[in-house]
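What follows is a pair of complexes built around subunit A, which joins subunit B in one and subunit C in the other.
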Partner chain A sequence: MRTTRWMWVAGILGGLGLLALFSPLGAQTYSPPTYGEDFPLIGSRAAIWIVAQTHLMFAAFVLGVPMFAVVTEAIGIWGKDERYDRLSKEFTRLLLVAYSATALLGGLFLFLLVTLYPALFSYLSEIFKVSMWIYAALFFFESATLYMYYYGWDRWKTGRAKLGHWGLGILLNVWGTAVLFIANAWLTFMMSPPSDVTPDTAPAMVQFWSAFANATWMPINIHRLIANAVFGGSIVAAYAAYRFLKAKSDEERAHYDWMGYVGNLIAIGVFLVLPFAGYWLGREIYEYNQQMGITMMGGFMSWLWIVQAFLIGVLFLAANYYLWIGLGRIPGGERFSRYTKWMLAVLVIGFIVWATPHSMIADRDELAAMGGTHHPFLGVLGLMSAKNTAVNLMILTTFLSFLMYRRANKIPTVSWAKTGTITQGGLLAVCSAVVLFYGVYGYFVPTITRIGFSVYQVLWVLFTILAVIGLDLFIMRRAESRGPIRWGQMPERSQYALFILVVTFTWLMGLMGFARSGIRQHWHVWEVMRDTTEHAATPALGYAAQVISVCVIVFLLMIAFVFWIGGMIAKPQLVPDPEPVPAD
Partner chain B sequence: MSSVDLKIIAVVLATIGAFTLVANVIPQVESDVPPDIAFGADVSPEELVEVGEQLYQGAGGCLACHAESPGARGPNIITDYRGQGPIGVRCADRVPGLDCKEYLYQALVRPGDHVVDDYPLIMPPTDRTLTQPQIWAIVAYLQSLGGEVTVTGADIPDEDEAEVETDPALASTDPVELIQVHCLRCHVYEGEGIDIGRPLDDIGAHRSADELRRAILDPPSVVAEGYEDVVGLMPLDFGRQLNAEQLEALVAYLSTRR
Partner chain C sequence: MRDHPFWQAILVFIAAWILVRWGIPYVPPLVGISSAPVPTSVELQYMLTVLVGILIWVSDNEVRWKRFKEPIRNVMVQPERKWMRVAFLVAIPLLVAFVTYDTVRPKVTAPVGLRSVHPANPTSITVDGESIILEGLENPFRAEGRGDEAYALGLDIYYQNCMACHGDYLDGQGHYAHGYNPLPLPLRGGGTIAQLTESYVFWRIAKGGAGLPREGQPWNSAMPAWEDFLTVEEMWAVTYFLYEQAGISPRTWEEH
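The block that comes next holds the complex of A and B.
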């Protein structure tokens, strides 16, 4: 109930803020100044950056976890495994506190925007005011649904009532997705306003729907939906890792080992499709404005993608490392161990290729030192042909790790098991060959053709993953077990890989936030409203990285606090209470 | 705090530190804001060239495409292009009837009219992001690359005059004049123009006024039958190039063409 009180406080504060902004009195008599006072010590830009990014991380968490919860609850219902149901409930409980933190940060963000950038907020609210009202109203529906979902868990536990409860989980996701889509419209409008909006266009003359459904709106929606699920999964995994390391009994350790596995499975499984959504977003940015696309990929932001490649390399390595160690607790898993060194080689080579720069923005001295805009040798590897090939092979390798993990303790019983396995291997081999073929062939065709090849590579990888996993479901039907997975018998070092994963995902989110926002350069609204403050220049990556790191640390501290508070609200019921010891 | 807590904190901070370090050891490139500049009537060529070079190398964003290597997105204009020398040497010969200064200015504000063979039209009009003094400073810098700087203070209009100075048709509301300036590059009208998009002579018989308006502002939303393969060629920025009065004049006129 303490949580409820916080939510009300946050809601009332936010409502008062909106009320003040849209009051007729304010609109008639007051013209906002262009900029407010500069924020003390760190400046307005850093202040709003940190608050907005941290708010966004919480928002991703509270939108990602319901996706996680509804999937695990469904597995619990239809798989008749109550562990998943308890897992789902525990994370929904954490949502209660996390919602408050999200709302408070959102309120702070709003106040900073109003006081530090009043003209921008006034401009955006003039165009989007209707959607802002709806946005605020949706929180009431979302909060009400969350309360019913959580507090009704034990009341609607069986039969049709349980299905209705699961329906509430779906509804919670619907509200969350609607909130996400509305907020995305505002920020994507700043990136890609419709072409008929100019600096001379009065905001009242901007057509609402064309501003709302702008060029990058849907790609960002999809990208963020997927990324939120990934983020939610990784936080769950890190939470489980903490509990595992702190566990006092084998049962507890087993439970949290399993939970970490499930969280990581969802995070990495969904993460594998994220590059495809990112590719779509990038293409839309180029189609909207070539200059913006070039700024992003080949202009002053070009080095950002090298940092991104480093982060994603860390993600792939940490995720695979966790899976490979996990094979040790599965009877039969040892037969796959000999392959891991080759898979590691593929990942490392892919990592190196992906992190190879190509078209760098450089000054004359740097160009002279490099012998041209492209390094004579490394420049070849820096082409998208090589990078796309590398990342697709890394995705296939990670998928193979999952497949090994999945099959480790199973003995297929269907008569065609060997043929099926050979077919799976053949599919993976053909797919790798096709990916390599297009990668090499890409060097011999014009750029526009080469760009099209990446679509073929992606489609082949997706098709192969779906076909192989589909086949596996049939091959392993009624499979015999080599023995149960020894949950809990996992070296402690494996759990630190889960922490590396969550930190990397969070940092990556901050980096991509900087990329998305930074490509507007000194424009609040691209080519419509300039930022004329002293902070208008888009900072270099070094400074951006420091701000991102601050955001990540603040977020992790706050989420740790949320988990701590969540633990005080109710004791986790994930692990059955130990049998009472009979009195002597 | 237990040893587990300390280990977790160490792993988390080490990971964050590693990312921060990597981002700090790579070259640091900041995206500058084009400085607000104003030149007096007696501005010297040296001053213009200095400012122009700064803009070219930095906030103007030119280097992202016009680099000095054969693989760059745009032609090399700094050192040499296909043995013809830097831009200052060849600018006067690019378009018959246009001297170097006028050609460079037009290429900056209306790049679509002067796309170099074999290169895609990806350059945005620079007057959307730069002021007239900034554009003229870049013109002076480009002239200085192998040529004589002829830009003077008299060439640089006040911002208020800039649109009129750029092209008189930009201020016109005469639909025929607007068609000549904006449409004939890709459409045929009364026997003139280039046959890429649908002819405009009878366009009013096939499109309502609303469809015409949409076709101008958002070309992919209204595609003429048989012209699907050129749908991406029409510029998406007519909403910027035309003001509301011009747009409505053009729409009203075209809708009567039957």
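The block that comes next holds the complex of A and C.
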């Protein structure tokens, strides 16, 4: 009887214990969820994707425009041309508004990360907390420098004070670059964590510097740094195009025509070296992990490269088109117009080669006729040998357009001008021959040797560009003018080329950013922290293109708003110049 | 008319189309190079590029642009060209309607699809109960200098198991090849296995179509998983044989 009673007591106490264990009252400590509740309607992944991408576009703008501003201010100081100084100031004014938008989007991004992906954020912040504090602190320095740079513009206008002011511009870029490098460390760690970091490694045990300076950190840093300058220039050009089309006076039209030219010059000039940086990044990704490299270049993401080739082909065509039309407003430019059709032929053929897919989209009959997805004749154009050759020749052609533009209204006075010009032509011809040689020879050597050839092609093109432009500076010393450039006398259709440039650049940033991020597939941190949400599958390319297009539209609308606000702060002062000559 | 940019533009466009439609498939075979018709998707891509190029050419010079627009403008405004205007007014919507109809009408052919020919390999695979890490892996026959042995063994294996589909010449044209869609992969040339490391080819042989990754599914591949029929050594041997017989070198790992 007594035993039965004790059994009852023990049973009741045990039941209460179990109840306590499984009830919220029994919880002694709070353990955060791995994921927050899925974001309404579009899901957590799309939400964070759109906000991160738009933030990134703004970040590229606010980091790219100071580069643009500091270069144009320097041209203004040392070229003694006040127009460049005004241009620099006009764009720094826009930065003030754009900074707020960048910070707001950054804050939104952070909140979404904390609420939707708390475990991932906790993991990253455990490893990178010190760099996060420094990152936030740098914003204070950056903001303070920006305010001094803008509001001190008219105060520190001449002499040493002006040089000091320019130094502030440099400092602004230093802060911006430091911010960029820190954020890049976090995202590249997610892509290429050090090999000794495994799913079992506690974040506190991860060595900070090896996580920070991981395998793809520096290639991303360089690639983004260059791309930001390109982006800044293209936005300036698009802004100028918009103002050109809206201009009511010849003076205004001349000013914005000139501004569009400068923006385009910087965007395309810097863009010419961007493929080389991208190539380095791609190579590092492949070297870090073959699987990731193949997913990017040969697997699921390979179609994005066809889209990318198409868009970059559009960039080349639009940039050259703008320059060729521009020859019409330069006295002496007409003597170069007869060459443009041959240059166009090189660009179109290069475009076709570059965008030819290795495995083609074909129906059943077409596949049967080809004997598979590889075309027996055009298949050779699908390999990197052909594509590298095409893009290098397109770069050289674009450079030649700039050279023609530069020389259009000048008559050299040095005695060796003809020899110098022939030497320039010879350098370009030899470089083209070398690029072609490596392109063809690449088909007869092992793949690993062929990959090395693209480095030689790149080095030859870079050397030729530098040598030809260096030679040109000497040839055109004390050159006579054929007459002033007729700024403003540009057909309106030329301005749409500048819009095409900015839309294409923005779209490319989104698309290729998706490729870089998407090759992690179902990993938050590659082979360390797995994505276990319903959104873990890599999105289909069509869906990705839609999300990216939304990001591009949102960004362009917001940047248009920034321009509008910027226009309300102060009207730009126009500084007409009777003899504006492209910068040497 | 010969010097008029409008007619020059039309001529260039037609010439480019003839080149893409008939030149590419039929001219190379005349000099002994194999070719095939260009798939519609690529033909469209090429012709669009040519069209953009032509539009750039006619409009990058003010005088040329004005001359180019002349015939178009004449058709649009001149009273004596009324019949032509009306003809275009009828023909263009009809053309658009026909293209729309042709695009949406039900067809019996399978829809075209994107296919990744080189899906990414996993970091490691399990064959015969043994875990093999593919990253940095070399063909043991090649690493140990046992090429002759691998070639002899691989040759036997290839002709017993692979030739019927991949062909005597390793060109993907075996006896059974045309029973499959897509066709078996040609192993010669620079476009397929020449771009891949031997560990990748080993993975494909071992796991076959069934072992293709989830990325990019659904897959169309009738390739058997040869791990069920061959030993690890035999699969390495046939991998070695493929490269030797095709006269190409495998992709090697970069020095770190």
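One rule holds for everything that comes next: the second predicted complex is superposed on the first by the 528 of 584 C-alpha atoms of A that agree within 3 Å, B and C clash if a C-alpha of one lies under 4 Å from a C-alpha of the other, contacts with A are read in each partner's own complex, and residues count from 1 in each chain.
Throughout what follows, a residue touches a chain if its C-beta (ideal position, glycine included) is under 8 Å from a C-beta of that chain, and two chains touch if they have at least 3 such contacts.
Computed from a predicted model, the values in this text were never measured in an experiment.
Q: Between subunit B and subunit C, whom does A:D196 touch in the aligned arrangement: first, second, both, or neither?
A: In the superposed model, A:D196 contacts subunit B only, not subunit C.
Q: Who does A:L311 touch here: subunit B (first), subunit C (second), both, or neither?
A: First partner only, subunit B.
Q: Between subunit B (first) and subunit C (second), which, if any, makes contact with A:T340: first, second, both or neither?
A: second
Q: Using the touch definition from the top, say if A:W303 reaches subunit B (first), subunit C (second), both or neither.
A: In the superposition, A:W303 contacts both subunit B and subunit C.
Q: Identify the partner contact of A:Q207: answer first if only subunit B is touched, second if only subunit C is, both if each is, neither if none is.
A: Neither subunit B nor subunit C is touched by A:Q207.
Q: Using the touch definition from the top, say if A:P491 reaches subunit B (first), subunit C (second), both or neither.
A: A:P491: touches subunit C, not subunit B.
Q: Which partner does A:T413 contact after superposing on A: first (subunit B), second (subunit C), both, neither?
A: neither
Q: Is A:S481 touching the first partner subunit B, the second partner subunit C, both, or neither of them?
A: The answer is neither, since A:S481 touches no partner chain.
Q: So in the superposed three-chain picture, is A:I294 touching just subunit B, just subunit C, both, or none of them (first/second/both/neither)?
A: Touch status of A:I294: both partners.
Q: Overlap of the subunit B and subunit C footprints on subunit A, residue-wise?
A: 289-291, 294-295, 298-300, 303, 310, 359-363, 366-367, 372-374, 521, 527, 538, 541
Q: Can you name the residues of subunit A that touch subunit C in the complex?
A: 286-287, 289-295, 298-300, 302-303, 310, 313, 317, 320-321, 324-325, 328, 337, 340-341, 344-345, 347-348, 351-352, 355-380, 382-383, 385, 443, 446-448, 491, 493, 521, 527, 538, 541
Q: What part of subunit A is in contact with subunit B in the complex they form?
A: 194-198, 200, 242, 245-246, 289-291, 294-295, 298-301, 303, 306-307, 310-311, 314, 359-363, 366-367, 372-374, 496, 499-500, 503-504, 507, 518, 521-522, 527, 531, 536-542, 544-546, 548-549, 552-553, 556
Q: For subunit B, which residues count as touching subunit A in their complex?
A: It is residues 2, 4, 7-8, 11-12, 15-17, 19-20, 22-24, 26-34, 57, 61, 63-65, 67-69, 71-73, 122-124, 128-129, 217-218, 236-240, 243 of subunit B that touch subunit A.
Q: Per the contact definition, I'd like the list of subunit C residues that touch subunit A in the complex.
A: Going through subunit C, the ones touching subunit A are 24-25, 28, 33-42, 45-46, 49-50, 52-53, 56-57, 59-62, 65, 109-123, 134-135, 172-173, 178, 181-186, 189-192, 194-195, 197, 200, 215-216, 248-252, 254, 256.
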